[in-house]
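Consider the two complexes below, in which subunit A is the common component and subunit B and subunit C are the respective partners.
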Partner chain A sequence: MNRRMLAALAVVTLALPPLLPERHLATYVLLGLAATVTAGVSMLMGYAGQVSLGQAAFYAIGGYAAGLLTVHGVPTVAGLLAAPVVAALAAVLLGAPLLRLRGHHLAFATLALQLILLSLLGQGDWAGGAIGLQGIPQLPVGGDLGYAYLIWVVLAVVLVICRNVVASRAGRGLRASATSEIAAAANGVAIARYRLAVFALSAAFAGLAGGIYAFYLGYLAPGSFPILLSIEFVVMAVVGGIGTIAGPVVGATVIVLLVQALNTLGTQPGMPGYAPSVLSYAVYALLLVATVLYLPRGIVPAVLDGARVRRGRPSIWGK
Partner chain B sequence: MSDFIGYLLTGLGIGAGYALVASGLVAIYRVTRVVNFAQGAFAVVAAMLTASLLGAGLPHGLAELAAVLTAALAGLLVGAVAIGRPGTTPGTSLIVTLGLAVFAYAVEIVIWGDQPRSFPGLPGVAVVGGARLQAHYLLILGVTVPVFVAMAAFFARTDLGKALSACASNPYAARVVGIDTRRMGLFAFALGGALGGLAGVLTTPVQQVTFDSDVTLIVNGLAAAVLGALTRPVVALAGGLLLGVAQTMIAGYGAGAYQLEVALVLMLTAMIVQAARRGAVPEMAR
Partner chain C sequence: MTAGAALTVSGVSRAFGGVYAVRDVGLSVAPGELRAVIGPNGAGKSTLFALIGGQLAPDAGTVHLDDQRIDRLPAHRRARLGIGVVFQAARVFPGMTALENVMVGAHATTRAGFTAAALRLPAHRREEREIRDRAAECLHRTGIEDWADRPAEELPLGQQRALQLARALCGRPRLLLLDEPASGLRAAERDRLATLIEDLRGSGLTILLVEHDVAFVMRLADRVTVLDLGRTIADGTAAEVRADPRVVTAYLGTGVPA
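Up next, the complex of A and B:
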């Protein structure tokens, strides 16, 4: 993507929040949060070759860290800063044994991790139990509009970090290891260390988004972080295009807007009460299946490649 | 002592249900190297269908049979989508089955709603060694053990079973000797669907199902299957029974709320130990 397009996109997304009605402003904030988490998932899947079915666990850890700290009197800004740190620390501690696993084993291990966390949160009175944690103070950002700009800045920083990580020596090593771990290891790539670092970084993104989510809603419960949420992040990453910088944003935008539209459709008078949830399940499922089978690299690479071929250059995939 | 026997038999009954879910995972993984995330959905569909059919007046036995056959069909459909396209890697197929498991939610809610369902099983109370327990637990055990014996014999002794295993251990060689690996894979998915359906039909009378019970089912099933590295049915049976007994004992003698954690920690430990034993560098297949 060239500089001018990027600048135009930044201007449009920055100008958008004041023009949006309150209902859509909430969508804007939630979209930004989803894109932030998905950026981590995409990096994990694309550059470290690991599927995480438990990314919402780190989202929850960040949220609960920020929520618990501020409920007990810590300033909100300190709570927000603690969210990514706690999530990253948890990822390092848990990742050290878990990242020995590969492929489906790792996918199920991360799923198990989230189930354990949800169960512990549901039973822990210190975390508000199944009822949840209430009375989390607001961040001093001046209402919903402030949150919209905060998440814009956070997402921008996260994307810049992703870009720099990918372009770094470690990023090149990881990309090599995603294609052939043996070859990369033989060439001196410290795979285990890099994988753990990416795992922790993606957890930090999720934790930061979770912290903002906690302040934005002012309320957290284990039910806010279902397994389906983790699957949603994977769907967004896959649909947008794994291992691209713009992919998570495109994927999150497509999914969030589509689900929002279907929600509006599903709550029309005359629709059965289960329509919104059924429609959103069906959309996640069909988009995920259709993308992995027919557009395995996701939307962004497919569009970029299409543009290259139209300009008369060979496809980057060599087909 | 009678408490202990009661917990043991109840646990074995519950564990047999896990083992059946595990057996479906093993059947599919052995042949296609795909971990089927939709395995829990087969159980849910079969259980809900049985409840509907029994409600419509179909006798026991017939309703269950119809549900298991429907689950087999569902398995075939999942398989057709997951491995039907040539060149689909097992990793891609895992994500496809994940998508199909979510799709099953939509279908299940439209047909059966989002409320828990159950139906009566084998009535009566059995007394074994001074312990009283629902007779249905004995039925679960009585069906599961022969199913596993048959499955082990099928994979080890019949030509079809050997052909199925050949697909997994070396797909290229299997094709060279004239085995249609894709058809074998679809057959495995249908078999896995039937086994998953059987698990749902058998366990629902003692444990009601909702549309999202599949996560618990798949996690417990996978915990059992992983002990046998997802390829050995008999180890999966032992794993399932062990898991069921351990959970029931823990629930019976105190910390009842931590049943799921037991399964999960057991699964994680088994996987990490196996990974450590395999060594740091993984084999080529991914």
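Up next, the complex of A and C:
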């Protein structure tokens, strides 16, 4: 992906919000939030070789951190800044013992974390219980249009951070340990610490998105963070292309737009009441199967490979 | 540990499933020395290598680098203390260019972390430049600078070996461990490697060379340690070892030593 294409895409993306009807503006915001979370999932899967099946838990932790703090009088900006920090701390506490282990321990632990968190939030009066946390103040961004720009600026910053990390000493250490742990360690790469850092970074992205989500909606409920949401982030990462910078945006866009289309279809008159949810489940499944079968590395690497026959120098957009 | 030695291995044992791969092995390598460890297949050479490099921990015994005990430290800590490793298998990092592979080697002596990288702090940029320059220099030194921008897995075996060596050198080691660096190389490559190793020793680097190829070793090593069935059976100069009857029977067979 060259600079001109990137600039064109950015211009289109930024020109879009004022033209969108309110209903679609909400989709635009949620898409930006999803892409931000997915950027972290993609880093985690692509560079730490770990899957998080509970990334929505960090999304929720960020949301509730921001929501609870501001409901109790903390300024909104401070609440927003606290969201990624609290989520990252939670990730460090959970990840420190788990990342030393191999395999899918982290996947199960994150899944368990989310289930525990959901039941805690559902029971806890301090968090509004099952009804949810009401009356979260607004960020001073000037309405929905402001949120649309805020989240896409945040997404841009997150993608720049990803790119910077990947193309750095730490990124090289991670990429090296993804292919040979023995050789990476022999070269001084502290693999467990690096993986923990990526996990914390991915949680921080999710927490930040969760914080914005809390202010944007103005209320939070455990039901907003189902396990399916976590699965959705993983599917977005896989479909877009794991370990690529542009992949999360592409994956999130494809999934969100498809789900929207199917929702519209499912809520047509004459459709049974369960149609929307069945359709969206079916789409995740079909997309995942189709991606794994036909584009095992995801959309972005496939497109890049088609455009640019390998020339020695790997593009950070594709790698 | 032996006073003044760069590397001291003492009483080291390691068993796998009740069978000793290395049993009560000791050796001490002086600073700037080129020590070879030889022995027939299954003698325990690669196990000893891994015990020093940190890929394995010993069941008993100690390993000291200078006067610091390292046998319980994980491999990445040992790398930071100045141990550079070249594995026998071509353990390059596929999907990364040769230059990037060598840049990974600089990990042991550089510091920039995630925060500095994410924010592109000036200190990080300075360090990146330094790492890149150093890596390019190491590629040049090992004679593979023409491959710098190629994906590592595309390099021929000889160049992959050189790449590993360049990567180890990029960490500016005090002690360089080489595991059968000459195996699988053609004669010309072997000569070039020998010249390079001599050159490295000439620059004051302490080198431990684990090797199956006796001719290659005898030409290079200051001293030779001979292992057989996990034990040390001889230790001395190339000439002494060659004349040792135990070595002749255990390793070189009854024929004329190479």
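Basically, the second predicted complex is superposed on the first by the 308 of 319 C-alpha atoms of A that agree within 3 Å, B and C clash if a C-alpha of one lies under 4 Å from a C-alpha of the other, contacts with A are read in each partner's own complex, and residues count from 1 in each chain.
Keep in mind that, in the parts below, contacts are C-beta pairs under 8 Å (C-beta built on N, C-alpha and C of every residue); 3 or more make two chains touch, one makes a residue touch a chain.
A quick note: this is a predicted structure, and the numbers were derived from the prediction, not measured.
Model built by superposing both complexes on subunit A: subunit B and subunit C fit together without a clash. By the touch criterion stated above, A:Leu69 is placed in contact with neither subunit B nor subunit C. Touch criterion not met for A:Leu139: it reaches neither subunit B nor subunit C.
In the overlay built on the shared chain, the residue A:Ala185 is in contact with subunit B and with subunit C.
One of subunit B and subunit C touches more residues of subunit A, and that partner is B. When the two complexes are overlaid on their common chain A, residue A:Val256 makes contact with neither subunit B nor subunit C.
Geometry note, superposition on chain A: angle between subunit B and subunit C about the Cα centre of subunit A is 80 degrees, to the nearest 10. By the touch criterion defined above, A:Ile231 lies against subunit B but remains apart from subunit C after alignment on the C-alpha atoms of chain A.
Touch criterion met: A:Ala197 reaches subunit C, while subunit B stays clear of it.
Contact with neither subunit B nor subunit C is seen for A:Ala90 once the two complexes are overlaid on the shared chain. The overlay of the two complexes leaves subunit B and subunit C separated by a minimum Cα distance of 9 Å.
In the superposition on chain A, the residues of subunit A contacted by subunit B and by subunit C overlap at 182, 185. Across the interface of their complex, subunit A is touched by residues 35, 81, 85, 88, 90-92, 94-96, 98-100, 102-103, 105-106, 109-110, 113-114, 215, 219, 222, 226, 257-258, 260-261, 264-265, 267-268, 271-272, 275-276, 280-282, 284, 286 of subunit B. Every residue of subunit A that touches subunit C in the complex is listed here, in rising order: 161, 164-165, 168-173, 175-176, 179-180, 182-191, 197, 201, 310, 312-314, 319.
Of all residues in subunit A, those touching subunit B in their complex are 49, 51, 53, 97-98, 100-105, 107-109, 111-112, 115-116, 119-120, 123, 181-182, 185, 192, 227-228, 231, 234-235, 238, 274, 277-279, 281-282, 284-286, 288-289, 292-293, 296. By the touch criterion given at the top, residues 53-55, 74-76, 79-80, 85, 87, 91-97, 100-101, 103-110, 112-114, 116-120, 124, 127-128, 131, 149-151, 164, 167-168, 171 of subunit C touch subunit A in their complex.
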